[in-house]
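Two complexes, one shared chain (chain A), two partners (chain B, chain C).
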Partner chain A sequence: MSKKIKELLPEYSVKMLSAATIIAIVLIFYFVISKAMPVIKASGFGLLTKTGFDQQIREGFASSADDPMLTFGMLAPIIGTLLSTLLALLAAGVLAIGAAAVICEMAPRGLATVLTAIVRLLASIPSVVFGLIGVIAVVPLVEKLFITVDMQIDYLEFFQMTGRNMLSSAIVLTFMIVPTIISLSIDAIRAVPNSRREIGYAFGMSRFRVIWKIVLPSARSGIVAGMILGAGRGIGESIAVSMVCGGTAYIPNILHGFAAMLSPILPLSSAIINKSEAMSSPAVESALFACGAILLLMGAILSALARLIERRMRRRAGYAD
Partner chain B sequence: MGSSVSMKSFNAYYADKQALKDVNLEIPQNSIYAFIGPSGCGKTTLLRSINRLNDLIPSFSRTGTIAVGEHDVYGLRGRNAVSRLRRGIGMVFQQPNPLPMTVMQNLLLPVKEHYKDANSTMEALAAENLRKAGLYEELGDRVHKAALLLSGGQQQRLCIARALMLDPEVMLFDEPCSALDPISTFKIEDLLMEIKKEHTIIIVTHNMEQARRIADHTAFFYQGEIVEWGATRKMFMEPEQELTQKYIRGVM
Partner chain C sequence: MKSLKKLLTAAMALMLIVALIPAIPASAADIKLIIDGIEVKTTVPPFVEGGTTFVPLRAATEFLGAEVSWNGTSRQATIKTAGYVVVFTIGSRDFTVNGVRKTSVQAAQLKNGSTMIPIRALSEAIGADVSYSATPTPTATIKYFTNMKGNVVVTGSTTVQPIMQAAADYLIGKNTGLSISVAGGGSGTGKNDTKSGSNNIGMSSSAMSADDMRELDAFIVAKDAVAIIVHPSNPVKGLTKQQAIDIFTGKIKNWKDVGGNNAPILVQTREAGSGTLDTVQSLLLGSGNSIVTTATPHSSSGLLLNAVAGNANAIGYDSIGYLNNTVKALTLDNVTPSRATVQNGAYAISRDLWVFTKGRPTGVYAMLIDFLRSDYCQNNITVPAGYVAIR
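And now, the complex of A and B:
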């Protein structure tokens, strides 16, 4: 009898805990979506395709509880999230792959250990600290390097040009994403067997060419996994970005050329932080939960995409599933 | 045409441990030379010294010389000299090691690295080498599919075709059949007999029957030294050394 309990107890507790995790995730989705429902119902598909978020928040806050203003359009925050994450991902991808290649393939062992430690440290810095650094270092730098009074006057009819803009958001995000991609890339590169490298050397390839043509392609799926995790962090990052993004739900206009990079944005997660003071109004509350629902959806799409890409890459390379 | 390879008082070390002792060997061109001997006897070290692949191991050092044709392998001067040397020496490893890309991409990798010919020229060359390796008809459209989907024997023949792409003077084989079934092994042996007409072949093998079947000459290694070398037939029929005799009889 007691023996049976000894066997069954661990089994059932593990099962219960797994079930609890799943239930928690389901509840999160349920809670967020049910809170967002009034706005989703009232806005319909326009939630994803219409603009005017800042104005709508003000109207929603001012509307009465009996007759709340529930029609929101979140195109600008959605584009803000996608653009800032994409820019950061491009920059971080290049930096991280380079850094990982140096750490694994070129640096002497001592230096590699130091660099790896720095990368780990970078990964453990709380995001609000990145935000602070963004405010005291990145924002003034961007302002000094790129923004002139003439430009500010030129673009006054579109937006107020300050150091808090898409470029600053992307720079801050880049440094937050880079450690994740470096760590995963290092693991992937270290997993490439030496026999692979020897193929290249035996053909007379230089070390750089071996890294470029053989090591990195062999490590591709790990590197892509790192990029996808990085993208997840970029989409979800709220505090640091909200400190440097400008806080205006503006859609950067590509016709402005480089100035588009200097437009303020308001990514979804920053919108939640930024507008949370107004959450006492049920309309705004529901709107911010709708932001959360869209973020959840993006996260789900991203993770599905990750699996799809991984599987396609493995199949194309000829590994059995 | 293949080049001859000659080693003169060649010694190799991994840190303090001596892996090869005073190796002197002349490998004639356009023949198959087999290195046999028990594990850890230094035969693979010698093979990998010919194209300086051992240079990648930090603890490796050596004395003495190896010459491939006219070139003194360890006396090369100038930038990219090692790269040029390796270009002229093909190598096939123990494990079939196509890269995770298509068959055609695998074949084009070495040529694209060093030459800027038109794609069609390079693909024609690839087809020619696939034909030599007996893979052209066998694979058909699959040349544009992933190389890792091929069987082990096909993969190894692909690796040989890939090594042939740079038309090397010397080809090094490091136990190329030890991971393969007998039928694939025979196919590869036939292939080696075919390509020795145009290339010098050095093969490390654990399989004495294989050495007997295909090698013109054989060298028997034991504990870092060459115990006996010479024409394969003579060595297997009437070995001069007792050690060789024992090894060939399988009592060692």
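And now, the complex of A and C:
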């Protein structure tokens, strides 16, 4: 009897803990969506397609509790989130794959160990530190390199061109997601069996060609998984980005050419931080929870996408499911 | 062992001598005046005459938030607190409290230009707890803000709320049996709550209408003023009110249009929910106008100040209590924003902050309002919180 309990107790406690996790996630979804419901109901599909977020927050805050202003349009924050993350992902992807290839395939063992340690350290830096570095270094640099007074005058009727803009946000995000992608890429590259490399060398390929044609393609699924995790971090990152994004819900206009990169944005997560001062108004509170609901949705889509891509890659590589 | 005894004796002797020292300078002439645990220095110190302790009227009551006025022809001193109007006449034992005649043990008198009144009269006049003790040093003690009991409910303007909350925290720490609950809700809520009796004291940052004044007894506890600020290197020194409105609403976009360089005007503002934004909206822009949509919003006063200090073409606004030399405050219609121009009403972006009760305040409510108006609260709570003192 007692032996049975000894065996069953750990099993049940583990099961209960996993159940608790699932319940917590369900509750989070339920809580966020129920708080966001008034705004979702009132705005309908316009929540995803309409603009004017800044003004709506001001109106929502000023409206009375009996007759709240609940129609919001979050196109600008959604595009801000997607664009800044996409730019950061492109830059971070190139940097990270290169770094991972160097660490695994080219660097001598001692150097590789040091580099790996540095990458791990980079991953553990709190995001507000990245934000501070962004404010102190990236913002003035971007302003000095790309922005002139004439440009500021020309574009003032559309937006304020300052160092706090989409480019700065993307740069700061790049540094934040690069360590994640490097770590996962290293694991993926190390997992490529040596026999495959030897096949390449047997055909007389150079070291670079082996990396390019054999190692990286074999490690593709791990690298993509790293990039999706990086995208998740980019979408959810709030503090660091809110310090450098400009804080105005503006949609970068492609017709402005390179200047579009220098327009301020307000990603969803930064909107939640920046507008929280007005949260004493129920309308604004619900609107910010709607931002949270959209973020949750994006996160869910990304993680589903990660599973899907991983599965397709595995199948193509000839593994059985 | 023997040497230790000697050392002990010597130490004890020394301690005795030291203990004697403070007793020597305390002569009979210097009576200390201690109000709410703080020693108040006065030009004419309190004195004892015919068994009665006299205290200087102005120094003692101004410390309690009262207004003191002197009429030379009738030789009368009038003190006004939130709850009481008291008139003392020099050479007379009679004095009036809210018009009711009372009689003191001895007459009020002038000494070196200061009106001196018997300390007991202060107790009857405004309800302070007074005492005199001759030992260890002669001390006249007045307890007013440390003599508060009861429950106070305060609601209304979120602009006044920080001052009220800090004052409540201070007073609750100094008294036992005192509870003060402070909630926001806005100026309109504050007025309605006071009229309907749902609070004891209301707060408002909007002006008191004639209607309000008929029903409520209102007191100014602070002034709120917002300065328009630019980078110190900006050649523009001042704006007219119309220029300021046009800049913040986006009609004027270049500094050269208001006498500056050919450079863009980068408007910095606060996020929705800020009391300072509210002040600018109602006192500068007026209803119907709103801040230009390209303006960069900041979530705190400090961040906005940093943004203006760090950008040669930026313009912003902040409570004048928070300004420092990293930014330059512009004149508005040629009036420099300062404590003096706010107090005399010359500067446009400023307003009075009010508290009020239904009918004349009494007891603990009157004391709370007196505290808000006292020098201690003005200097240690109101001004550090970014507001302008009432006097």
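Rule of thumb we're sticking to: the second predicted complex is superposed on the first by the 321 of 321 C-alpha atoms of A that agree within 3 Å, B and C clash if a C-alpha of one lies under 4 Å from a C-alpha of the other, contacts with A are read in each partner's own complex, and residues count from 1 in each chain.
Following the convention adopted for this analysis, contacts are C-beta pairs under 8 Å (C-beta built on N, C-alpha and C of every residue); 3 or more make two chains touch, one makes a residue touch a chain.
Note that the structure is a prediction, hence the values are computed from the model and not measured.
**Student:** After the superposition on A, what does A:S124 contact: first (chain B), second (chain C), both or neither?
**Tutor:** Neither partner.
**Student:** Kindly classify A:G204 by the partners it touches after superposition: chain B alone (first), chain C alone (second), both, or neither?
**Tutor:** first
**Student:** Tell me the contact category for A:S2 with respect to chain B and chain C: first, second, both or neither.
**Tutor:** After superposition on chain A, A:S2 lies in contact with neither partner.
**Student:** Considering only the touch criterion stated at the top, classify A:S218 as touching first (chain B), second (chain C), both, or neither.
**Tutor:** So A:S218 only meets chain B here.
**Student:** Looking only at contacts as defined up top, I'd like to know whether chain B or chain C touches more of chain A.
**Tutor:** Touched residues of chain A are more numerous for C.
**Student:** Of the two partner chains, chain B (first) and chain C (second), which one does A:S195 touch, if any: first, second, both, or neither?
**Tutor:** In the superposition, A:S195 touches chain B alone.
**Student:** Which positions of chain B touch chain A when the two form their complex?
**Tutor:** Checking each residue of chain B against chain A gives 51, 53, 56, 80, 82-87, 89-91, 93, 95, 97, 99-101, 109-110, 113-114, 145-149, 163, 166.
**Student:** Would you tell me which residues of chain C are touching chain A in their complex?
**Tutor:** It is residues 184, 253-254, 262-267, 271-274, 290, 293-299, 311, 313 of chain C that touch chain A.
**Student:** Could you list, by residue number, the parts of chain A that touch chain B in their complex?
**Tutor:** Residues of chain A touching chain B: 194-199, 201-206, 209, 213-214, 217-218, 315-319.
**Student:** Sort out for me which residues of chain A touch chain C in the complex.
**Tutor:** Residues in contact with chain C: 54-55, 57-58, 60-62, 149, 152-153, 156-160, 162, 164, 246-248, 250, 264, 273-281, 284.
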